[in-house]
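Presented sequentially are two complexes of chain A, the first with chain B as partner and the second with chain C.
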Partner chain A sequence: MSAVNLEKRRSFDQIAWNAMRYSGVLLIFLAFGHVLLQDVIVGVHRIDLDYVAMRWANWGWRMYDLFLLAFAFAHGMNGVRQVLSDFVHQERHMRAVNVALLVVWLVVTLMGAAAIFGGVRPVQ
Partner chain B sequence: MSRLKTALGGYAGYQGREGHLAFLLHRVTGLGTVLFLTIHIVDTALVYFRPELYMDAVALYRSTLFGIGEVFLVFCVFYHGINGLRIAAFDLFLKKNWQIQTARSSVRWTLGLTLLLWLPATVIMVRNLLIHNFGLFGG
Partner chain C sequence: MQVHLKVFRFNPEIDRKPRYDRFDVQAEPTERVLDLLEMVKNYNDGTLAFRRSCAHGVCGSDAMRINGRNALACKVLLKDLNTDQVTVEPLLGMRVIKDLIVDMEPFFAHYRSVMPYLVNDEPLPEDGKERLQSPQEQERFEDTTKCILCAACTTSCPSFWASENYVGPAAIVNAHRFIYDSRDRAGAKRLAVLNQRMGVWACRTAFNCSEACPRDIQITRAIAEVKEALNR
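And then the complex of A and B:
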């Protein structure tokens, strides 16, 4: 591998290292707030389509959920990448892992974002 | 396969006391959270893609088994968040706190704070479970 590539990869990992910490601090507010509200205060027994529709009637909550989706899932997927890099030592295997995680991250994030923007649809 | 053994052997055999425990818990709680998060994004997306299936997913989450899982999930989120805040604070602003005695006591504080948040949340969630799934407390 050339020195240029090594330099590039190090700088990506540096960005990822910092991003995990800054997004983590942000997620304290977003994720703790979400868990306390939905799991503890409201509770799963009071959550249904109407509840989601009511919540998403407010664009503030939609933006909250969009930020939570974007930061939490990216943070989580990069975490999985870090854990796997402890076990996968071959360069080409790690590249395959990275591509697979990138695809999963993109597909699932787009699904979630589509639902947040599209909102609750009526049952046919 | 030997690499897997080396890595897992390192996880298990390293004798790093509080720091070791914090590292292992951070990994396990992070992986647990991201596993559920992936499923949760997909099931919530059903409200748009297949709204008629959304209540099937919610019915699963209302079951007693998932209710118990939810209690552990909340522990995962709280521990991972508080320990992550400790890591971020030390790495970014307070590097000298990685000194071994401070680092060890900060792990004990992290665990204490996690329990302080998690135990009241658990009482409320278990109470909800007993009300809705077992008809207790006037449910």
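And then the complex of A and C:
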């Protein structure tokens, strides 16, 4: 297999395929860690504004939550992109789908980031 | 044993839509699904159309859906079906020409697109004979040399059902066979063909292909190795 390395350019679908694996590996830690902490150790019924304020007092947890949001959502959107790829047959239309999904991801992630950076403020 | 055979029938020249014909056939448990079809064609209905040539699992002519799974009719023994109800249908995702015969041309077009032949324009070795290769170098692609182009893998793949533009497992297997051949020099060209949405990246690791292959080629693994070559 000698001449294989001539073509080094990565294709979009190749990058998306790899991103699926990398975000999947990150999610093993981020998503399971999240479930373990919030649902098993703390429990959903004990999560209130005070708890969130306490947790977000630590910037490490804020970053954790931002990473979880960004990567879980990116992974999910990339998965939706794969599913839609089964139904969208023209490359031109697929490009539009890709852009639309990227925009939705960006907007929701930025909204989440704004909430996380804003933090918890006492209600007036 | 008495077998209740249900066969997909469709003749686009006269039929408006496909139908299923039923035949009760007397057969030995050690006989094959192909034998059932031969019996029906010889004694019940001479118009039944199916492909077969070698009848010994070598030519790849008689891939079809048997009780919902892709297989060569000449390799499936009745006793291994664990039932006396046998349903035989054409491969999915391809145009039916008649009954169990499908149009294989789109499949072969994908096969041709990966240049399934040795490419090496370098001068011949000193002695003007063979380009030598170590047993280890040969072992690297041995598994993918076993393909008989029956299309059982490609037509079992959900990505292919979704789009006939997907190059499909069989074409990737045959690309693998040359990409990993130390004597070949066109690996980069084949990889460029496969480095597309409808190339190797449309594979979703469903493993249907590996399960369908009558030659037990580890197809999903071969596809992963082609992805690996692209990621290097």
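Couple of notes before you dig in:
To be clear about the criterion, the second predicted complex is superposed on the first by the 113 of 124 C-alpha atoms of A that agree within 3 Å, B and C clash if a C-alpha of one lies under 4 Å from a C-alpha of the other, contacts with A are read in each partner's own complex, and residues count from 1 in each chain.
Following the convention adopted for this analysis, contacts are C-beta pairs under 8 Å (C-beta built on N, C-alpha and C of every residue); 3 or more make two chains touch, one makes a residue touch a chain.
Quick caveat: nothing in here was measured; it's all calculated off a predicted structure.
Once the two complexes are overlaid on the shared chain, A:Asp48 sits against chain B while remaining clear of chain C.
More chain A residues lie in contact with B than with the other chain of the pair chain B and chain C.
By the touch criterion defined above, A:Gln14 lies against chain C but remains apart from chain B after alignment on the C-alpha atoms of chain A. In the superposed pair of complexes, A:Phe87 makes contact with chain B and with chain C alike. Annotation: chain A residues 86-87, 89 touch chain B in one complex and chain C in the other.
Across the complex, chain B is touched by residues 21-22, 24-25, 27-28, 31-32, 35-36, 39-40, 43-45, 47-49, 52-53, 69, 72-73, 76-77, 79-80, 83, 86-87, 89, 104, 108-109, 111-112, 114-115, 118-124 of chain A. Residue ranges of chain B in contact with chain A, taken from their complex: 3-4, 7, 27, 30-31, 33-34, 37-38, 41-42, 44-49, 51-52, 54-55, 58, 61-62, 67, 70, 73-74, 77-78, 81, 84-85, 87-88, 91-92, 121, 124-125, 128, 131-132. Taken in their complex, chain A has these residues touching chain C: 1-7, 11-14, 16-18, 82, 85-87, 89, 91, 94.
Per the touch definition, chain C reaches chain A in the complex via residues 140, 158-159, 162-163, 165, 179-182, 184-188, 191-192, 195-197, 199, 201-202, 204, 227, 229-232.
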